[in-house]
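Take a look at the structures listed below.
Next come two complexes built around chain A: one with chain B, the other with chain C.
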Partner chain A sequence: MKISYYPGCTLKLKAKNLELAGLASLKALGIDVEEMDRWNCCGAVYSLTDDDLIHHVGPVRNLVRAKERGADKLVTLCSMCYNTLARANQLMKTDVVKRDTINRFMDDEIDYAGEVEVIHYLTLLEEHVGWDKIKAKVKAPLTDLKVAPYYGCTLQRPQDVGIEPMGSFRLMTRLLEAIGATVVPFNSSDKCCGSYQVLNAPAGDNDAAANVLKAANQAGIEALATSCPLCEYNLGKQQEQFLAKSKITAHVPTFYFTQLLAMALGVSPEVCHFELNDIRSLQLLEAKNIQAAA
Partner chain B sequence: MCETTTKQPEIKVATGDRAILPEGAKTIPIFVMGKQYQVPETLTIMKAMEFAGFKFLRGAGCRGGICGACPTVYRMAGDYKLHFGLACQTVVQANMYLAQIPFFPANRASYNIEEMNAAAEGIQALYPEIFRCVACNLCTKACPMEVKVMDYIAALKQGNIEKAARLSFDCIQCGLCASRCMGEIPQYHVAQLARRIFAKFIQPRFEHLVSRVKEIESGKYDQMLDELTKMDHETLKKIYVEREREPDLSTLGAWKPKETQYL
Partner chain C sequence: MTLPMNAQNVSVDVSLVSIEKINTLSGENVKLCMQCGTCTAACPMADEMDFFPRKVMHLSQFGMLSRMNDINTYWKCASCHSCSVRCPRGIDIAKVMEALRQLVLRTSKNYIEPSEMPAAQIKELPAIVMVAGFRKLTS
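Here is the complex of A and B:
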């Protein structure tokens, strides 16, 4: 079984903390994935326009590269990349007419018909590592950290590519439990963060994000875990303004779930690049005394 | 007397800077901007066009495949595929339909290199259009230098300046990639900026070069140069012919000249 790793552009720049913590964790867990040697942008958003096939070329080209290299599975970390790649894969598997058009347009590549399976990192953890093994490898359990999984929109929608059914947050919950955190029930795990629509809005005006954080405040949640750079941005970067406008009552540090996993596995905090998160993220972990003995 | 035989097409023989047609050379039809010309086979597109009477005032430079002034686009009769080449390098084929694209408009951002740094965000801010790339790969297909154009644009979106600089190293700024881009990206200007940034801020400085420049500036070699410039022609020739040379393929650092006074 060969598993190729697709990083995505954002993880190489703005969300290094998501990637580097994720890769260090896999290493600590003894799992080998190989980054693709050639890849391009995933397309960022899956085009829903019926006759706009050109925007599927980007994700499909990545799938072609994985097939070329003999990969059975393509694993990815970013929720947006996952969504775009998985949906393009679904299209190539099921829509014969569009598949042919796309293959014909890409006459410089081998034909593709959905042969590679696109999986998310969380699925990789469950199927190729297992929660028990992760639990056994934990060096610094996140004891007392009250955290909730935040899936946002793209991990579960639409149903046929979702990493698990709508309304279920089992994968991240099992992971957070395995690393010793206290998972708090949360009613806003799949509420939208505001997505791209709010990026031009003045800081502090994004009520979609503020409402998610407010719900976290009310549930006594200290931190959120996500796998989406856009969610992390919308939820994590404007909390000061939300507080100033009294839209939330307390900071809720937002982490990438890989950062929490890495810390629990004893990976050094430098690898997790907490400076890219809100400053309070690292402070919270320090306050909870989460640090593996050197 | 009346002429009964069909008149043979007159074979033109070019001289001077025009191509010279060897005796008995076969000619083939090519189509320049839609008009047919009989040109000798084996000529490059550039020479064939000159043979046919075109004069290159612009759109030709080095004639050696390196200046990027002579990009040509062509199709073979009956085939949907577009082909691209440099007119000074590509040999004509029968029934090729071609046109020159000596210049293609492409936005070039202005910047002060001294104010840039090693972060890819600087390039992304100057050329935000790189995020319009849809990975159609038409640019790579168009590149006469076989540069992986799409891949260097992808590398810059990923913030990997070094990869973009290395991938684009063979670019000769011909502009064909930009002529095909769905995202209206001026790829080659972006790549040139990437190479400049790589060279200035990322690539390690070669210390031996710095110390050699210092030596030169300190005047260490002035006297030798003076001697050489004053030397008469014959002596100069003699010492050139008799000069010691490091044998080809000798192991690095293994060879030392006998004459060491200039070291």
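Here is the complex of A and C:
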């Protein structure tokens, strides 16, 4: 079984804390993935108009690259990359007419018909590692950290590419439990953070994100775990402004789930690049003695 | 076509061509909508919208594009698919919103102007925000 890894644009810069912690964790768990060469932008959003095939070329070209290298599976960390690649893959599998048009357009590439399976890192952990093995490898359990999984939109919707059924947050919940954290029930795990709308909203005006954080305040949640750089930006980076406008009552440090996993597995904190998170994220871990244990 | 509405001779633009355009671009059939409002209830952006998604679906059913020219509803849509996965009629409403955006964007109009964004904001934003946002809001 060969597993290719697709990083995506943001994970090389603003969200390298998501990538590096994730890769270090896989290494600690003994899983070998190979970053695909010559990957390109997935497009970040899946084209929704019926006649727009040109924007599927980007994600499909990545899938072609994976197929060329003999990969059975293509794993992604970023939720939006996962969604775009998985939907493009589904299109190439099921829509014969569009598949032919796209294949003929990319006539310098091998034909593609959905042969590679696109999976998310969380699915990889469950299917290729297992929660018990992760639990056994934990060196610094995140004891007393009250955390909730935040899936946002693109891990679960639309349903036919979701990593698990609507309303179920089992994968990240099982992971957080395995690394010793206290998972708090949260009613906003799949509420939208406002996504790219933040581009057009003054700081502190993104109510979609504020509402998620407010719900976290009300549920007594200390930290949120996410897998999307866009969610992390919307939820994590404007909390001062939300507080100033009284839209939330307390800070809710946001982490990538890979950072929490890496810390629990004893990976060096430097690899997790907490400086890219809000400063309170690292302070919270220190307050829980998680940094010291690692 | 012009129809008298509410017995007051208020002219509205009902257009079969526009209904067809919306259906063709979205790949959906807006006539399936039964106006239950589940989409509006599920929408995280509804509070900021000029017209709720239910009303936009209703106007789409009559092809009344002129009534939707200046509203922000489809620009505020974050394509989160909360409506699409809940629609009891199985309509992918996110695709209808995309069709309405594209009808404007394909006339070379931008909803936001990247060149007017402050450099400090661009420096701070992750690439993923800009790729996604520019694809949705610019032509």
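The rule is simple: the second predicted complex is superposed on the first by the 291 of 294 C-alpha atoms of A that agree within 3 Å, B and C clash if a C-alpha of one lies under 4 Å from a C-alpha of the other, contacts with A are read in each partner's own complex, and residues count from 1 in each chain.
By definition in this document, a residue touches a chain if its C-beta (ideal position, glycine included) is under 8 Å from a C-beta of that chain, and two chains touch if they have at least 3 such contacts.
Note that the coordinates shown come from a computational prediction; the quantities given were computed from them, not determined experimentally.
Novice: Looking at A:48 after the superposition, I want to know if it touches chain B, chain C, both of them or none. Which is it: first, second, both, neither?
Specialist: Second partner only.
Novice: Figure out whether A:57 sits in contact with chain B (first) or chain C (second), or with both, or with neither.
Specialist: Only chain B is touched by A:57; chain C is not.
Novice: Once the structures are superposed on A, label A:136 by its partner contacts, choosing first (chain B), second (chain C), both or neither.
Specialist: Neither partner.
Novice: Mind working out whether A:39 is in touch with chain B, chain C, both or neither, as first, second, both or neither?
Specialist: first
Novice: Which touches a greater number of chain A residues, chain B or chain C?
Specialist: The partner making contact with more of chain A's residues is C.
Novice: State whether A:108 touches chain B only (first), chain C only (second), both chains, or neither.
Specialist: Touch partner of A:108: chain B, not chain C.
Novice: With the two structures laid over each other on chain A, which partner does A:157 touch: chain B (first), chain C (second), both, or neither?
Specialist: Second partner only.
Novice: Determine, under the contact definition given at the top, whether A:1 touches first (chain B), second (chain C), both, or neither.
Specialist: neither
Novice: Quick check on the superposed pair: does A:229 touch chain B, chain C, both, or neither? Answer first, second, both or neither.
Specialist: second
Novice: Applying the touch criterion given at the start, work out whether A:97 contacts chain B, chain C, both or neither, answering first, second, both or neither.
Specialist: The answer is neither, since A:97 touches no partner chain.
Novice: Give me the intersection of chain A's contacts with chain B and its contacts with chain C, in residue numbers.
Specialist: Residues 9, 13, 41, 43, 55, which sit in both footprints.
Novice: Give every residue of chain C touching chain A within the complex, in rising order.
Specialist: Against chain A, chain C makes touches at 24-27, 44-45, 47-48, 75-76, 78-82, 84-85, 92, 94-95, 98-99, 102, 111-112, 117, 124-137.
Novice: Can you tell me which positions in chain A touch chain C when the two form their complex?
Specialist: 8-10, 13-15, 41, 43-45, 47-52, 55, 78, 80, 152-153, 157-159, 166, 191-192, 194-200, 207-208, 211, 229-230, 233, 237
Novice: Going by the contact rule set out above, which residues of chain A touch chain B in the complex?
Specialist: 7, 9, 12-13, 38-41, 43, 54-55, 57-58, 61, 105-106, 108
Novice: Residues of chain B touching chain A in their complex?
Specialist: Touching chain A from chain B are residues 120-121, 131, 133-137, 140-141, 150-151, 154, 157-160, 182.
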